[in-house]
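Pasting the structures here.
Two complexes are shown next, each including subunit A; its partner changes from subunit B in the first to subunit C in the second.
Entry: the complex of A and B
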């Protein structure tokens, strides 16, 4: 098992390196941190040269990533020009903020999706099944920005107009004590959860239905096991396998920062930092975020593969 | 329901629609070739009820799928409205009149006007068509590329499979926004080019589905038989392998279309997609979001059109999946 994990992690290192290389070259080809300096060139030659020096801009574009890799090996992620702090520091503080909404959103959506898919599969074609499946269809059709804008407007603005109270904060993070944080994260978590519940519950329903129609479930029922045990123990274990893959992907996406939702709620997470870095040609910050999200993707994929083995002991990892 | 249903229809009857008529009939009045084929099949099978071909069964199931039908009708009426609506309006896409700025819905301006007095109904219609066009092109290109690459990867295996699979993994790691911002600098905000970039991001999903199907097909005897009788790899892939993946691919295309429309509107919302003077539903939402507190309707109208279009497309895809899924072949719904 340990050897398997090490082998898997080592196998992904080249892939991550290629991804980072491609991102570095792609961004270097399309942006120039000296853009503002060209207009004043004879006068501000000093500043121009400083930036050229700092970003190795006189080196060939295709070779430039290697200096970045060299500094990465020394644990240096560089300095974010758009935020003005070391990239490591930005990733740490922003990553925390993102985790504050990513973890609750993930837990809530996973729990609800699971309950809904078990309910829908057990009561297939019932009124409740139609209702929840319809809702999931509806939720799936919403682009994240439309949903976030509506939630922000209804709960943050219209509620105040109607009742004269302001229960939720519509933007940014205001406090540090748990109650204030809870108030601030409610709306972003709500919009993220709705999206993920819609996607996961449809998937989970199909997976649960397929499992419930298998022979061993009939056997379990025939030998007189209580229905609760059949569903939650025998069926769920197998039905979870495809869901685990999806959850791994979801969690890594959420932890990497949701650009749209976080931006709309002005949440100081990785998402808005990423989009700002993209517009400001902040190459070190972008590479740092890509490195982080890439590691999340790889890590949670691995966790999912290990979970397969736990859920279904027939699946061997080696 | 019952496990035996899979075996009721022999595999060969899948293709009976494409089959060449057993004998050719001259042009006899009132007796078409179709009738002849119909009677012939009756006689051959010795059944009073002609066995239904896979295509016919699929169409019957699709027709009885009420949601799918609803989705199809909804989509057609939205597109018709987008095409015909602006013709009935007195205004054009970019005609502005600052005196008429920020009007609410009225008989003159059905959806109101924006900050420089452009008619929002015409803009929504044009933006909607633009979104649909990008979505359609991207979905088709992604499907063709994904099908070919997925089939090639699975068919040849080994080194080719490894390379294409790693490419798919790579695209999973590199964030879509980076690919888009890098490409959009070279490709601009033009619809066709934006569609190409989106297709470049989305072919992986189809490729994975096709790869899975082809992996199981290529082990079957008839592929070996085709190879043994001297068919080239290209011929085997196009004639013997790819016709089998049409079902899953058609389903994926409709589902992909929904994804592309959402993705395009999101990118346009962030300012990375469609660039002014062009507009898509996403840019319309982005333009109106600053004044959402005073005038939520201007955000809601284009937003709800995205939702409606995607909803219809997804219903259609769901119906197609039920209709084309061979496992549900003999079920009545």
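Entry: the complex of A and C
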């Protein structure tokens, strides 16, 4: 098991390198940080040369990523030109802010998706099932920015006095005491949760329905087990396997920062930083975020693979 | 006490034992509600099982034999309607409250299912699953239940039961899984075992072994057994009584001998004739022409009429009643009294 985990973690190194190489080359081919300087050459030759040197722009595009890899090996992520701070510092503070909404959104959506899945599967084609199915399609059909704007309007503007939630101002700093943080994260967490509950409850319902039709569920009932135990012990453990896959993907996506939702709520997380980096051709920042999200994806996939083995003895890891 | 009074006493005792069935199914019907209409899977079936008796229920796929078994344990799907009465231990199983029927399931009536590959939960060890069946009905410690599981696995012929108990279903072969299912079914000494095609999904080579285990445990525990099968060969060796079902109805019932040698029903006779016989030389095996009828839209009169070699115009007019022939023997056929039972079915 330990050897398996080490092997899997080592195998991610080339994977991440390929991803980072592709991103580096892609950005270098499409943008040039010296764009503005071309207009004033040769008058501003000095500035042009400074940037050329800072970003190793005289190195061939296809070889340029290796200079970045070399500095990465020394623990150097570079400086974010758009934010004006070291990339490591940006990732730390922004990543923390993202986690503040990603973790609650993940937990809430996982719990609710699970409860709704079990309810809908046990009461297939009931009024409640149709209601939640309709709600889920509603949540899925709305683009996330529309949903976020509706939530902002309803809870931030129309119901201004609800729990003291106020509309967000752009550029506002996050609160520092727990109550302020709770107030600030409520709406983005709600917005993200609705999206993920909608998608996951559909998968969960299908998985649970399939499991409840298995012969071993009938065996469990024939033993005289109460329905509660049949559903929450015998069925759930089998039905969880596809959900674990989803949850691993969801969590790594959420921790990587949701570009749209965070931007709409002016949440100073990784999502808006990534957008800003893209617009400003801030290559070090983009690569830093790609590295971080890549590591999250790989790590939570590994967690999911380990969870499969825990849930289902037929899946052996060695 | 005089000899005569003793005799009447003994007679009286055995008499009450004989007349007190363990399970009495009275006029049970089961319908499935589907989008295409109601499907009647079981129509007005009545039968009894006495303590310790083996009753075989024989019929083709879709004849209603499995549904009968599931319905009397109330394990049928939600969209079904069951009418009639199922008396067990003085209770009507069909209208018992849920907690009470649950305490009967697995304790008084246990079931063995057709496909051992899918009937065990893949994510729990075989031992855990049997321990659960024991502990849901008995207040025993985990360790005691586990010890009993090892004994049970030994009893049903699982080698190295101590190690095997901790293994998962996927580490068992098909025959071993069915043995484990049998162990699970008998773990609470049920009064009635329902075996729904227990050997159908198994390799031919292990079918006989599993049947033997089932027979042995049934004798050892003294429980009654309802053996559902389409394999008449299985029936001959192990059943006291047989009832034949076709298209949701009981076609014929009687002792095993009566069914095999004095059958008064064309369907039973056709089934018997389709058993291959080692001695006769044939180009083609006998079979019953045609297919079982759709239960959504059953034929008028006798359901077997379209495939019956003996049918007469009367057969299309009315569903025949069960005609009794003394003892327990009865046949649902307009011509039941006219069938010549002296000719062998294989002739």
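Simple rule for what comes next: the second predicted complex is superposed on the first by the 303 of 318 C-alpha atoms of A that agree within 3 Å, B and C clash if a C-alpha of one lies under 4 Å from a C-alpha of the other, contacts with A are read in each partner's own complex, and residues count from 1 in each chain.
Operating definition for what follows: a contact is a pair of C-beta atoms (placed from the backbone, for glycine too) under 8 Å apart; a residue touches a chain by one contact, two chains touch by 3 or more.
All of these numbers come straight from a predicted model, not from anything done at the bench.
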| said: Based on the shared subunit A superposition, would you classify subunit B and subunit C as clashing or fitting together? | reply: fit
| request: Determine, under the contact definition given at the top, whether A:293 touches first (subunit B), second (subunit C), both, or neither. | output: first
| request: Would you sort A:313 into first (subunit B), second (subunit C), both or neither based on which partner it touches? | output: second
| After superposition on the shared chain, which partner residues are touched by A:207: those of subunit B (first), subunit C (second), both, or neither? | neither
| When the two structures are overlaid on chain A, which partner does A:216 contact: first (subunit B), second (subunit C), both, or neither? | second
| query | Looking at subunit A, does subunit B or subunit C touch a larger number of its residues? | reply | B
| said: Just to be sure I read the superposition right, which of the two partners does A:27 touch: subunit B = first, subunit C = second, or both, or neither? | reply: first
| said: Under the stated touch criterion, which partner chain does A:224 make contact with: subunit B (first), subunit C (second), both, or neither? | reply: second
| message | A:193 in the overlay: touching subunit B, subunit C, both, or neither? Say first, second, both or neither. | response | neither
| query | Looking at the overlay, does A:18 come into contact with subunit B only (first), subunit C only (second), both, or neither? | reply | first
| query | On the overlay, how many Å separate the closest CA atoms of subunit B and subunit C? | reply | 5
| field | subunit C-contacting residues of subunit A that also contact subunit B | value | none
| said: For a test of understanding, state which residues of subunit A touch subunit B in their complex under the given definition. | reply: 15-16, 18-19, 22-23, 26-27, 29-31, 137-138, 140-146, 149-150, 153, 157-158, 256, 259-260, 263, 274-275, 278, 286, 289-290, 293-294, 297-298
| For subunit B, which residues are in contact with subunit A within the complex? | 166, 169-170, 172-175, 177-179, 181-182, 185-186, 258, 262, 265-266, 269-270, 282, 285, 289, 292-293, 296, 299-300, 303-304, 306-308, 310-311, 314-315
| note | Per the touch rule, the subunit C residues reaching subunit A in their complex are 73, 75, 99, 102-107, 110-111, 113, 115, 118-125, 132-133, 136-137, 168, 170, 181, 184
| request: Would you pull the subunit A residues touching subunit C in the complex into a rising list? | output: 214-216, 218-226, 234, 237-238, 311-314
